[in-house]
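Structures incoming, each one as structure tokens.
The same subunit A turns up in both complexes below, where it pairs with subunit B and then with subunit C.
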Partner chain A sequence: MSAGSHSELKPLTPWLFSSKPMALTLLPLALVLSLPASAQAESTDDAAARQRWHTDLGTLYAALATSTDELKQAASDYCAAPDEDSRNHLDAQWLQAYQDWQAIRLVDFGPIEVDSRAWQMQFWPDRKNLVGTRMASRLLQPTDGQPQPITQSDIDNAGVAEQGFPALEYLLYDEAMDERQLSDPLPCSLLQSISGHLADTSAALATDWTDFGDHYLATDSYTTATLHGAMQLLDSLEDKRLGEPLGMMGSPANHYLAEAWRSDASVALIAGSLHGLQQGFAPGLRQILESHQQDELADAFETQLSDTIDQAESLQSGIATGLEDDQALAQLTTLYIEVAQLRELLNQQIAVALGVVRGFNSSDGD
Partner chain B sequence: MTHRLARRPLSAIVAVSALAMPFAAQAEDVTPEQVVTHYADLAHTVYTDALRTARALDESIEALLASPTPETLAAARSAWRDARVTYQQSEVFRFGNPIVDDWEGQLNAWPLDEGLIDYVEADGYQHELGNAGATANIIASSTINIGGENIDVSEITPELLASLNEIGGSEANVATGYHAIEFLLWGQDPHGYEAGAGEREVTDFVVGEACTNDHCDRRRAYLAAASDLLVEDLEWMVNQWAPIAEENYRSELLAEPAAEGLRRMLFGMGSLSLGELAGERMKVALEANSYEDEHDCFSDNTHNSHYYNGLGIQNVYTGHYQRSDGTDFDGASLESLLEQQDADLAAQLDHELKASMAALSDLKARAEDNESPMTFDMMIAPDNAEGAEVVNNAILALVSQTGSIEQAAGALGVSSLQPDDAGHTF
Partner chain C sequence: MHRLPCTDQQRRRLLKLGLGSLAAASMPLPLRAMASRYEGNTAQRRWFFSAVDNLDGQHFLAGLSRDASEHFLLPVPERCHGGCLRPGHTQAVLFARRPGTRLHVIDPRRRQPLHEIEAGDGHHFYGHGVFEPSGRRLYVTANRIDDAMGLIRVYDAEHGYRLEEDFELAGIGPHEVALMPDGETLAVALGGIKTHPDMGRIKLNLEDMDPALLLIDRRSGEVIERHRPSHHQLSCRHLDIGPEGEVIAGYQFQGPEWETDHPLIARRAADGKFTETDLPESLQTSLASYTASVAISHHAPSALITAPRAGRVVMINRHSGELMASPALDDAAGARCDGQGGYLVTSGTGRVSHLDMKGQLTTLNELPLRWDNHLT
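This part shows the complex of A and B:
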């Protein structure tokens, strides 16, 4: 890695200017695969670390493909035989797949950039409740005649608010569904269509990540891109996923700003992202740090990451109910501090040690 | 009011720019100091123009309130659109210059929960989840209660309105600025993805029996106060960039090493291109089919706001600005400086900026088509492949140019685009 020089700025790295880095590319896959192919395609010391990252992150993509396929099957089983068991299995499979998505969210380059796939998986933040509005409108019964079942093709062609895990969460947990039977033909067709779309998208991501390997390994700038992806994830964890809903960012607490407020699964999702860092990112990071004789920073990162995971897993509730309970709130605050310390380690100390020129998150929209 | 830029095809704009810049082609080497000084002059010129058009808007609002007729309402709406032409070109100064970024929310914050200000339709009003002020309706109330706090709003003044921004901690509580005025002049857009903007009747501003939707006196006071505040705010910003003896933001900026000025220029161009215009203002709306994320959603003027944002980016590069009276302003440009370092890159960035302006021109032309206009809220409708392509073309062009802006930073020795004050410390 040519640390600290101007060549850091040479490759096309739009994330440097982006607050929503995953969302901005509509390029065809072939172009994405070749985009940062700058003049400097020689491999360096970090090629070994990228090899490790490609393998580990590939494992996470494969896990997502598997669990979304199981989710699709669970939706199908539930609609065929709706009972308590099949419903519980469906709920559990939704959460498992959603956590597997969180685990790989640190990757914000490559195949995920195609067709806004990150938003297809999870449109968030959703301050104006587009998910709720769009899903309610999908579920409107026609005033005359039988409702037409929804097909996966409908959802494949729909907006991102109707395609991902939050849309499924609406069907599984929104209070508007208290008045409905999820097992009725219309909601069940929607459930299966969204699950099918998620499974297809995840399968494509896993395949494309494998195909992306040669280019990723040959292109030095992806070392920085991978580090930036993890840094960006920690920025978002501290400020957006915890800080804002908990009222740590200068505004009052507001549980609607948390992810998955309908199901109160926000902390479970955070734990999913932390596990992703542990399994997909930390081993490659260690290789780089060791090659820079910075073993102790690798130790410190792994220890802090492990402590942060323990704290997340010790929490019984998410942010929505945690805000109503003093003890739980104290635990959430501790988690917030652990995440902040983890972020300080990676985004400041390790970034400085590796000479990574930090991009920035442009200010939010007005 | 003349808007030559708005009515000319792109080729004419480019030709005018080229004629106006023989300086760039022939001059001796420009220095970074000259380029940064001209940038400060450019900002001063653009804000002066924004102030001029805001004063014209203020006068037209006074005329509307003096005699509320469909004609005076139409004139006020037209003056608002004109004021956007200049202000949107100033937004490139926002990122990178902390003084602008800290100030601009009071003028241009969006999207807003307009139910804070005035009446809204009960059906189909989508506001921010958990926003206690989303239906406060200041115009209909002498006190409002937000999050348990009672606020006396009986006397509507510019100061009161400014104090209500982000009340209750929600960014969607926007009581002032261009979009609050836009909402008062147009009302909610009830048409969703269909043709048509807000349709507020002028009788909403009539005092006495003919008043519609009640509280016309307070609605009038609100509009007047919001307009006065806009003018005051722009006066303040003009002074910050004015070449005067007193210390102001301009003198602070010019006291910094020139590399810092270049960094702020490039940071502003890149941030507006990608994160803000391509991302927040187009991509979110398009991918989620969300007209709630449309920038000028009441007036359906979004295509112009996007177009003039893009032009502002190009202005900083070429050092050129065409004032609203049609006169030109030019000087030592970033483009010339880059040419000295890397002529190929300078040509590439020039080409990409023209390409993004061509894409934004297309978006503007579709929205203003006489036969069958397709406004931004129609372009982002589900299943509108043609509209999506128009928006996507603009996004892609902006993404491309951002890559070159980043390279330009490298070529000009700006090694980190991170602003001084953005480092988070725990």
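This part shows the complex of A and C:
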């Protein structure tokens, strides 16, 4: 192969091999360097959209900080006085905080990238059931003496499978807990430790998002990054969170591939993500589309998003039970189609209209 | 220059003394010529190779003619990353993308797959490897999953790519590996990031990473030099080696993305001196803490670093580190010197470009492919 015939480089556009002297090319280069490549085609209107996004997404981070703090309190209340009311409140608060996390999951840059925080919040996909095995191991009773309660410090230093919402879901819903009392000292200490870790991480995220504002607003490439985040969320919604467990991706339906299969809360979490798009993303998107005279696309996106939310909220069950009920399965399929249409709107039509190209290598991480 | 008698041991001693180029100069000539032809002299090369995906997400090894007017695709079963050529043979090796467990040996002339080698139980590859000058031993970066020990796995290509031995690197996450001009020393970019296949690509040790640029004796596995970046979260990933034994390495910063002032390019000079390169602030900021490929010209005093998150390529003087040019190229990916002082550069958008000695980019072709990060 290296012994092939010698071949001269023949540029297709030789006029681009400028005959300009070097000095002439250096001056504009200095100006060009002040902007990242993706920013050069953007208008200043994008800065206004980023301002809107920073505010709206900040509201979602603040909501997550509040609801995880309430979850921590609910865990503490339950462990102090375990009864039906405190348990119901705990379950409801877990779901509320988990949905608030889904709402902000479209942000995959900035403070969430620090220390793998997204994984700390939610270890998923979990094809090897690491959550199950790690939590079962945490809950092992010592063969001699009393179990040592688990501290938040233990969880702060633990692996991501033990730190987030799925770990709490194990405590609240896994069938292994049928034989345990959640209110016993060991499980309750674990419940409070994980809740505390989630609350602290969420509070740090909210603060860091505010501090991140100057950098976010000053860096043009975050316009594209924010659009990419929403596009990535819709990819994941259609393919991973609905398509794979529903058997739409070439392998049989399998409810263990769904998020939150233990609690059957998968569709409620999808609704949380869709609400996040509506509150945190759509208003900023409208600003950009209007500045590109693409108001109709903004209207279409918001209408399709609203329809998709309605469909998600009309479902009474999640994927786990839905797979066993023809009527529910038909409804899940409709949701899948609604999400696919939403994805097509954003990831194709709107992306093309805005000239947004998704990098193969820029998102590679290798 | 007249030849000096020089044993392996003497050569290692010279290397330690920072006289690598003298050691290289004193190599037996046939070996030296082969190393030179293989490592650097691409002037006669008609074909370059890269991992690619097509627009449907299917994975291939691509052969690309040097003027980008021709290409061919060979299907591979998974997304691949780096590759290398086997000296003296018409074989190309393509490595599965981390945490991949296979390497694919291909005959690009007949366009046929030859071997598929498994990383072995409890191991995965990181996506890069290099042959010794004779084309017999293949050195591949790998992870021993149990204890996250970074390894160079040594395969014997003359015996069906049989695993010969492992070199432990006393570190985590070796990524790109290349051979120094002496033909005896491996340069390894040690990323320092602990991952586990069960946990996907989650980074498990961001607090106590210990990345480095390593020089290793390829026969004994002894670590001859270990250069640590100026910050423990500067993951040393990719590198290339110049004709005099200088190494340029590209970092990826693993800390907060708003800390954009950490250096991303390092240089180990031929005399062993290790420095990091400062870029103008606006350019430095735009790189978004990330570099992809590194290529050094053997015919001009330059090195090229691709920066897909900036949508740029960065050309520096390989001796001084001074910025020469940084033209825009969306999703810039692989780069390789063209043997004439310029570079062939690929992009995830499918574009193949030529960068001339002055830093001017010209599009050679646009193909319906997503070129992966490395061009061989």
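Convention: the second predicted complex is superposed on the first by the 315 of 366 C-alpha atoms of A that agree within 3 Å, B and C clash if a C-alpha of one lies under 4 Å from a C-alpha of the other, contacts with A are read in each partner's own complex, and residues count from 1 in each chain.
Here is the rule we go by: a residue touches a chain if its C-beta (ideal position, glycine included) is under 8 Å from a C-beta of that chain, and two chains touch if they have at least 3 such contacts.
Since the model is a prediction, treat every value here as computed from it, not as a measurement.
In the superposed model, A:N129 makes contact with subunit B only, not with subunit C. In the superposition on chain A, A:S183 makes contact with neither subunit B nor subunit C. Touch criterion met: A:P252 reaches subunit B, while subunit C stays clear of it.
Once the two complexes are laid over each other on the shared chain, residue contacts for A:T207 go to neither subunit B nor subunit C. In the superposed pair of complexes, A:Q349 makes contact with neither subunit B nor subunit C.
When the two structures are aligned on the shared chain, A:Q341 is found in touch with subunit B, with no touch to subunit C. Contacts of A:Q73 after superposition: neither subunit B nor subunit C is touched. Of the two partner chains, subunit B is the only one that A:N157 touches; subunit C does not reach it.
Residues 4-10, 12-14, 16-18, 25, 116, 119, 128, 130, 159-161, 357, 359-362, 364-366 of subunit A lie in contact with subunit B in one complex and with subunit C in the other.
Touching subunit C in their complex are the following residues of subunit A: 1-14, 16-18, 22, 25, 29, 32-38, 40, 109-111, 113-116, 119, 125, 128, 130, 159-161, 212, 215, 219, 221, 357, 359-362, 364-366. The part of subunit A that touches subunit B in the complex is made up of residues 4-10, 12-14, 16-20, 23-27, 116, 119, 123, 127-130, 133-134, 157-161, 235, 247, 250-252, 254-257, 340-341, 343-344, 347-348, 357-366. Residue ranges on subunit C touching subunit A, taken from their complex, read 37, 43-47, 53, 63, 65-67, 69, 81, 85, 90, 92, 97-98, 108-109, 127, 198-204, 206-207, 237, 255-258, 280, 282-283, 285-286, 288, 290, 292, 306, 308-312, 325-326, 328-333, 338, 340, 342, 347-349, 354, 356, 358-365, 370-373.
Taken in their complex, subunit B has these residues touching subunit A: 95, 101, 104-105, 108-111, 126-130, 147, 166, 168-172, 270-271, 273-276, 278-281, 283-284, 287-290, 292-293, 382-383, 392, 395-396, 399, 402-403, 405-407, 409-411, 413, 415-419, 422, 424-426.
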